[in-house]
Amino acid sequence: MSGPHPPADWTADEMMTVAAARQLRDGTACFVGIGLPSTAANLARVTHAPNLVLVYESGCLGAKPDRLPLSIGDGILADTADAVVSVPEVFNYWLQPGRIDVGFLGAAQLDRYGNLNTTVVGGDYTTPAVRLPGAGGAPEIAASCGEVVVIVRQNLRTFTARVDFVTSVGYGAGPGDRQRLGLRGGGPRLVITDLGVLEPDPVSCELTLTRLHPGVTREQARAATGWDLAVAESLTTGDPPTAHELAVLRALQATTDGSRR
Amino acid sequence: MSGPHPPADWTADEMMTVAAARQLRDGTACFVGIGLPSTAANLARVTHAPNLVLVYESGCLGAKPDRLPLSIGDGILADTADAVVSVPEVFNYWLQPGRIDVGFLGAAQLDRYGNLNTTVVGGDYTTPAVRLPGAGGAPEIAASCGEVVVIVRQNLRTFTARVDFVTSVGYGAGPGDRQRLGLRGGGPRLVITDLGVLEPDPVSCELTLTRLHPGVTREQARAATGWDLAVAESLTTGDPPTAHELAVLRALQATTDGSRR
Amino acid sequence: MAKLVPLADAVAELVHDGDVVALEGFTHLIPFAAGHEIIRQGRRELTLVRMTPDVIYDQLIGAGCARRLVFSWGGNPGVGSLHRFRDAVQHAWPGPLELEEHSHAGMANRYVAGASGLPFAVLRGYTGTDLPRHTANIRPVNCPFTGETLTAVAALRPDVTVVHAQRADRAGNVQMWGITGVQKEAVLAAHRSLVTVEEIVAELTPVPGQVVLPGWAVTAVAEVPGGAHPSYAQGYSVRDNDFYRAWDAVSRDRATFRDWLDRHVHRAGATA
Amino acid sequence: MAKLVPLADAVAELVHDGDVVALEGFTHLIPFAAGHEIIRQGRRELTLVRMTPDVIYDQLIGAGCARRLVFSWGGNPGVGSLHRFRDAVQHAWPGPLELEEHSHAGMANRYVAGASGLPFAVLRGYTGTDLPRHTANIRPVNCPFTGETLTAVAALRPDVTVVHAQRADRAGNVQMWGITGVQKEAVLAAHRSLVTVEEIVAELTPVPGQVVLPGWAVTAVAEVPGGAHPSYAQGYSVRDNDFYRAWDAVSRDRATFRDWLDRHVHRAGATA
């Protein structure tokens, strides 16, 4: 793995999760996938964004779990939600009309325009080298949310020049494509990795490295990218996790691990 | 009014209600409009059809009121229902796919093919002589239920050669029309009036008088019909209300009147 | 997050002359108090939308608030006709009332399309009836898989939807139960929404059959105890059936109606 | 009126070789026991349908019951991949598995269309993705009012849908609560349906968040306490998270999987 060597007191995954959590604004509604997006969204809710509305595709609107849900259908989501609706309703009445501000997605592959693949890698569609879980809610989350935040580990397998399958559209083949396709949401605003943060260039829509996590170099980021990675002139280095962020994140994960027994 | 002169111990409306109730088979699901259909359906449920499933367009599936509901949205329907669903659901998931065996409708006008009008009478559509309440659930009840039972007082205003507005389709202009229109339900099986019972001719689909209530003559029925009424060769006379039917009907109405205070 | 505001302020801010306004409810939880406030504030040229326009719509029409009515069944539930509605249609009093008329299934699906962010909905409906002749909002649509012809109805997107519910909390989360009709769809289909509630509580205890509208999907909530009278709020009040029957006589005559309106709406405060 | 029958009888009567079968559930209330009974009875050539095929589908696929899978997300929830599913797709073991793949929104709407007696549903979905290339069940449709192009998906009508619920009464009325996903639509879309329940009770006490399926809309109900294990039944059991994690190792290897199947499904009775 080409990941950074983190300082001893936090891991690259912790940095990524904290960086993602910081991007969620209080009072917005966030459509959350399970795994890293869910961890980051719950971290945000417990730290700076107490009124962040978490929407899960299982039909839980406004879930407020006190530990990390173990799956998209964890009972704690229903128990703590403002409303539990059917799965058709969550997609038709809540996601599709553009009521959700932020879609928070992971991916197995991503290209320079933020198109995402969670379907197949290698081979062809019917005989793939690796069969992934598939689309789930992602295509419409990517299409309809006000904006999309992607959280994904950055390496040569995930950051590919061309995704093997377009499961969810980012900026398509470039500027104007979302409009041409009739996609109403704004598309990827941020890609947060274990190395740093990427944002689409306002003109070309190409993902551009705008921030590095502490201890990571631009060369490491470029080496972990399967295309010639654009780097912002104003490249900055983000703040490391605070003691509070780390404590809360680890406490969330500890209660989760406890509840797995 | 050209109605019959009933024996002293029951009214023509009671006879009509009892005759309608008798037509509802136990264990079937019946989509019930308020007023006469609701009275007859509840009478059936309390007498010979304890497992009759009453479906109201307010979303109450399997309502079991112990008095007559005062409106389609009476709380007693929700309190006693097996399930209360939304109005879109009752039409889309329950009525439209043909799950309901019998649609039970009233009308302001009806023609020889059982087409119903509850919209406007006289004048033209934009400046009618009488503005009626409108369609409500009737067009799709008439289209989608396994069969339709109509309950309507028979006189020259209601039994017209041509309805002023087709709110709900019976047999259209005659044989084959329902199929041509793509209507999946069977159409009107019975029309029950204060004078007798009409059934569609199996070939011509024209409503044919097949039964008279006790004390009513075929001449009275023909005089109360705005077209040349067909009469079945096998015209019979129905049984009068039994003491039990009358007692139950009057008790239902008494509790209802009581609950109005 | 819905704002908690007095009813008069909410109506002043959210309901404008010329708006498309839906006050929804299916016999239960009819937003009478909000309708009265619209009358008191003298709104004009409204397009009123409702599946089942009843007495409150009779009052709004008779008071001259409406230019147009979009509906599927207009009557006094359990009693009979709406005389102000009929007078407007038959004799253009107090002014002409344009109608757009649907079936319940069509109206319900028009709200569903609106709530879903779609321009239309598909149903098996209207076929063979005279209804499609009188509106452009009903058209045939073919199934792209089977070729079958079905019916499309245009989405309904009110400028503002008003409903009454049992409770809300301080964050504006709304809870209603019993017969909840098409209220969720009508609120979600609208650009703005106002919910009057029997009471505002610290916490919404879950209730069987509840529909909860999150506060972030509602514009404003106003506490109006008894705001559904003479209709009912399950768990709070029973239907005033005498009122509905008395309305038949009150509404038959224009002068009697105007006198009633003057005494019971105009001269009453915002909590009437 | 749903029949109350033992699980083995219900599966024997309702699930046939070659059927299109949906065992639905969204992490909660997964009908594992019914799936095991299908394996025990040796059903073959099934088209398995589910939004979120998980461990029970991994088992059905590995056991050789399936010819085809129609789905939108296949994984071991909270753990990772489904190894029997991957082995079938990547190496045709124990036989080839044809895939028809959708998004959640598309699958949910396909069930909605089926439940509604419509041949298709309309959504904003799939646009720009590679998904429509691989199935004929996704096509464009134009709005008859605005001309806008949207996406149509073909209705899904399983031969039989199987779900698990908390309770039923003796008339076969079914009650479920918590996360109820797409189960109502999946049952109503199907030609036949089987509901396994934690218990059959004399009367269904109303519960907040409940979904009730009337007995006349369900074909058969079987009492199978614990029938959702290792998933959970809210109010009755908690999720066996250890099982889901252990499944990752059990399912990686064909022989280990076969041994597990033999010991825990084939040799177990109908209540396993």
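In this document, chain identifiers A, B, C and D correspond to the written order of the chains, with residue numbering beginning at 1 in each.
Here is the rule we go by: a contact is a pair of C-beta atoms (placed from the backbone, for glycine too) under 8 Å apart; a residue touches a chain by one contact, two chains touch by 3 or more.
Quick caveat: nothing in here was measured; it's all calculated off a predicted structure.
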item	value
Subassemblies held together by touching, chain B left out	one piece
Pair of chains joined by more contacts [C-beta pairs], A-C or B-C	B-C
Inter-chain centre distance, chain A versus chain D - centres from mean C-alpha coordinates, in Å	28
Centroid spacing, where centroids are CA-atom means, of chain A and chain C in whole angstrom	41
Geometric centre distance via CA averages, chain B-chain A, whole Å	58
Where chain A touches two or more other chains at once, by residue number	92, 96, 144, 184
Contacts with 2+ other chains: residues of chain C	117-118, 123-124, 148, 184-185, 209
Touch-based graph of the chains, sorted into line, ring, star, complete or other	other
Touching chain combinations (by label order)	A-C, A-D, B-C, B-D, C-D
Residues of chain D that touch chain B when the two form their complex	1, 115-118, 173, 184-185, 188, 212-217
Complex interface listing, chain D residues touching chain A	26-28, 51-52, 71-75, 77-78, 81-82, 85-86, 89-90, 99, 101-105, 108-109, 111-112, 123-131, 134, 148-149, 178-182, 184-185, 209, 211, 232, 234, 238-239, 241-242, 245
Parts of chain D lying in touch with chain C, wherever the complex brings them together	117-124, 136-137, 139-141, 143-146, 148, 150, 152, 154, 206-210
Residue ranges of chain B in contact with chain D within the complex	27, 29, 51, 53, 61-62, 82-83, 92-93, 96-99, 144, 184
Residues on chain A engaged by chain D in the complex (per definition of touch)	34, 57-60, 70-75, 77-78, 84, 86-88, 91-92, 95-96, 119, 125-140, 143-144, 165-169, 172, 177, 181-184, 259-261
